[in-house]
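Two complexes, one shared chain (subunit A), two partners (subunit B, subunit C).
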Partner chain A sequence: MDIIPQLIVNSIIAGAIYTLIALGFNLIYGTVKFFDLGYGALATVGGYSVFLFYKELGFNLYLSVLIALLITGLIGVLLNWCIYEPLRRRKASSMVLLVASLGVLTMLQAIIAILFTSQFQTLTRNSGVQRVFEINGAVITGTQTIILVTGLLIMAGLALLLHYTRFGKEIRAISDDEEVAKIVGINTSYVVSGVFFIGSAIAGFAGALIGFDTGIEPTMGLSLLLKGVIAAIIGGVGNVYGGVLGAFLLGFVENFGIWQISGEWKDAIAFALLLIFLLFRPQGIFKR
Partner chain B sequence: MEYLIHLAILIGIYGILGLSLNLVVGYTGLLSITHAAFYGLGAYVTAILLTSFGANFFVALVAGMIITALVSLIIGATLSRFRGDYYALGSFGFNVIFYSIFLNWQELTRGPLGIPGIARPSLFGYSFSSSTSFLLLTLALLALVYACAHFISSSSFGRVLKAIREDEGAIQVFGYHSAYYKLTIFVIGAMMASVAGALFASYITFIDPSTFTLNESIFILAIIILGGLANNKGAVLGAACLILLPELLRFVGFPSDVAAQMRQLVYGLLLIILMLYRPQGLIGEYKL
Partner chain C sequence: MSTNTKTILWVVVLIIIIGGGYMLYNSNREPADTSPIKIGFIGPLTGDGSSIGTVNRVAVEIAAEEINQKGGVEGRKLEVVYEDGRCDSTTATKAANKLINIDKVSAIVGGLCSSETSAFGPAAMDSKVIVFSYGSSAPSLSKLGKYFFRSYPSDSFQGIFAAEYAYNTLRARKVAILYHNNDWGTGIKDVFIKRFKELGGEILVEEGAPQTVKDYRTQLAKIKDVKADVIYAPLYPDGSIVALTQAQNLGISTVFLGGDAWGDPKMQQAVSGRGTLYFVEADMLLTDEFKAKILARSGGDQVPLGTANAYDNVYIIASAIAKAGTDPDMLANTIRATRYTGISGNIEFDENGDLKTASYVVKKIENGSAVVVK
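This part shows the complex of A and B:
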């Protein structure tokens, strides 16, 4: 049996998930210029919100996903209001913001583990056989097709938003120079809140998708975040499209790496790739 | 009484970790989040030498320090090319890679099973098997590390470190080779952490990879941020506070799983509050 087609499919799916995380991360980083580690926990929040509404309370699937997106978006905005905005107003260094977001990550993970226990959970209601497609000897599940399609849709939607709407132009203005953006009359705190809402909701969506594909656990946010950050750095931090390319590169390197070595080394492979890039091409594939 | 001695030993071990990380983060301003890797390296070298080769604890301690020094030399040389946020992320990566090695190099570390039956230290026929004598040993090593940290921070070498923290470009103009200083202090810090690891391994008499995760590095960082950066007394004070604080939770009577999560919650919250209201910690001399 030939394993290559399956590896390619797996790489693309992993790439699509990392793309989502990297997109939201880059959006936030591009606007506020600090590594928001708490962002990873929002993916976990998204996964668990769907778990609560869809599986525990028995809501309709689309409604529960929608509620989950709202919840993660609002938590993102709330965190910005209570923590990041006051720090940014005080002109705190990006290290202070990094440590604060580390605190957010630790705290949110712990809260979720207390509320839902640290057990591994699945999101699908009927744990029976999933619909499976076969392409050229490679197997892809229905959920994974949805991951791919929605990943591409969100990517396109974000590109349209950034380029053709007034809101998108304001976001780009702030990421170029926040002071000047303020001077020309852009309500920066309003736009930044919007960025946090959209970015966090994307993370929440990614968390929910992973929940349907494999499952959720409280600590999943950290490793997801790290993959997203790696993808973002490889592609060029703050560059939305670079993040996409980086995510797929990471997906391929990881999946072909574990084919040669072994599954447990996945995280180490990802970080080795990051270190290689940081050493030899720190600006990433695309320079911003 | 036994319980109090146990807490005092833990404070001693984490005091050493805090002191050593403080040299790197507090005095030199390098946000390193990989300290648990060196802590783990020291612990594993000691454990393997003691169980497989029947070596004396103090021989193993020195061997651990030498090996950690060599490894941290390579890591430090890689990391010293980064600045600020990227330094933090790169160090993150090394912690994940080390955790993977502890977990997956099964021939050497026994993987997730851990290494049991590590002997307590003995010297010239005197065994430190009782808690009281082990406490004395811990305190002696803590005093030694404290003296070293004090000597370094008050020497001319320490002044160069502080100058690097304040303005690396300026100190380079004066002809100091800053990369050499950053590397030296990183290696010294790592060697001290391996001392703490050796103590931990022989105190608990059992180690497994789960002790040396990223969370542990974040915990050590929280210790010195709470106690105060660039203050040796602060590092020990921070260790005492963060070891004793969650013990109070024990008396509230949560089940052990929830209690562990509550502890994480407290650490996370503490980091956020400190960043918002007191970034220099309790008695710190430097703000991030």
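This part shows the complex of A and C:
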């Protein structure tokens, strides 16, 4: 059997997962211009919210996911209010914000570990076999298809939001110049809260879907975030479409990279790609 | 400054010196023989492997209580300080540093995972603290030092056994390998490959992944492509749950042969039904009485690997301290000379602190549990 079809599908699956992470990350970065590492923890919060409502309390699947989106969105807004907004008002450097968000990541991770233990958990209720689709000898599961489709839908949705709504135009204005946006009468604090809500909810959604695909553990956020950030940087940080392209490029390079050599090289390849971009095309594929 | 103030100051200084000296003198004279003897425990109490580590802890608790009920060690109480090693090198090192420098233990029972023991072992050797592992099997640990012992067999035994089982019993001639890139995984697969090639078998692919990775799809696609007779998979439990699910999704129906890490009950429940899953585990002569004792407190339905060993380790350390005291060199020599028939089998050490012999069984994962394959 030729493994190329499966390699392509694997690359697409990985790319779709990175897309979900990169989308919200880029949205937040594009607006407030700092590396929000706490974003990784929100994916974890999303996964654990579904775990709590769906698996522990036995809620309906769609309802549980919806609650998870609300929880992560609200936590995102709350973190912005309590931590990032005051720091930004004080004109703290992006370094300070980065360190603060690292604190958020570590804190949320620790809280989740205390509440739910650091055991690796699966989200599916029955350990039965997942629905599997076969295309030309390559295999993709139902959950992975949902990750792919929703990733692209969210990208399209964000594009529509940014270009065709008043709210989106305000986001773009803040992203261009926050001071000027304020002067022309945009309620920047309200818009930034909205961005944090949407971005964090996307992270929560990503965490939930990844939880259904593989499983959840408190430390899952950081490794997801790292790959999402690589995708964002390759694609052009802050650029919503660039993030998607970067995610798929990363997925393909990672998976085809270990085609002829042994699998333990995967991470080395991913980070080498990041370094190549940082050295030779620091603005990424798409410049903002 | 008036003369009066000076006098008062001198008096205060004098009081402090005399008082301090008296307290120091007193603390030195405190009768040492009734204070408790402290030993440490390191194992995964949370995270990867914790469904094994928490039961191991129960065994240590029971052993210490039994010893103390019988009057302790030469009249002194045995006190165990438990620390979480999380099967992870950084956490285990922090735990060991605390045990060595703050609790000042004379011996550490642990760790379970080779990644724990190999990380904190060197520091413990420098501080002359006995490290007595109940589950670490990486062959590289044999070189740790004179204060290291383990009641769990080195993988140089397990890898050879697995290779022979794959070749002779499963009649495999071509094997693919999927392993975790850590002390345990690389150690065991190297031994396996060497022995399997000696027997005349062929290794088709060797695919590694870091222990924390949750995407094995491309490694598995390559393994599926080479059509092996058996997939040898020394993987830790959490990664195994993901890898075996992805293998099933990819339609891999090849027999998997895992390592002793698959003795994890939580993992067995999660992967049950995901294909034909065998694993190699050290053979233990667990008595029903011991099983009942452990399960009554742990609340589970299985006595996982390392449990009997951890129990035996406490008894061996206690009897060695009773004979030799807490001097590290005397203690190490006494433990090395030990011949003990415990719950985990016959314990006798070679010059590296390794067991002289080991026997294994093969188990099959089915119906959420594991049964011995005849």
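By our rule, the second predicted complex is superposed on the first by the 282 of 288 C-alpha atoms of A that agree within 3 Å, B and C clash if a C-alpha of one lies under 4 Å from a C-alpha of the other, contacts with A are read in each partner's own complex, and residues count from 1 in each chain.
Assume contacts are C-beta pairs under 8 Å (C-beta built on N, C-alpha and C of every residue); 3 or more make two chains touch, one makes a residue touch a chain.
Remember, predicted model here, so these are calculated numbers, not experimental data.
Placing subunit B and subunit C on a common subunit A by superposition gives a clash between them. Of the two partner chains, subunit C is the only one touched by A:A14; subunit B is not. Judged by the touch definition given at the top, the superposed model places A:D267 against both subunit B and subunit C. Contact with both subunit B and subunit C is seen for A:T117 once the two complexes are overlaid on the shared chain.
Within the superposed three-chain model, A:A100 lies in touch with subunit B and out of touch with subunit C [touch as defined at top]. Applying the stated touch rule to the two superposed structures, the overlap between the subunit B and subunit C interfaces on subunit A comprises residues 113, 117-118, 262, 264, 267.
Within the complex formed with subunit A, the residues of subunit B that make contact are 31, 78, 81-82, 84-86, 88-90, 92-94, 96-97, 99-101, 103-104, 214-215, 218, 221, 225, 257-258, 261-265, 267-272, 275-276, 279, 287-288. Against subunit B, the residues of subunit A that register as touching in their complex are 34-35, 83, 86-87, 92-100, 102-111, 113-114, 117-118, 222, 226, 229, 233, 262, 264-265, 267-268, 271-272, 274-275, 278-279, 282. Looking at the complex, you find that subunit C touches subunit A at residues 46-48, 50-51, 86, 178, 181, 205-210, 212-219, 221-222, 224-225, 237-238, 241-242, 245, 248-251, 266, 269-270, 272-273. Every residue of subunit A that touches subunit C in the complex is listed here, in rising order: 1-3, 6-7, 10, 13-14, 113, 117-120, 122, 127, 129-130, 132, 139, 141, 214-215, 217, 219-220, 223, 254-255, 258-259, 262-264, 266-267.
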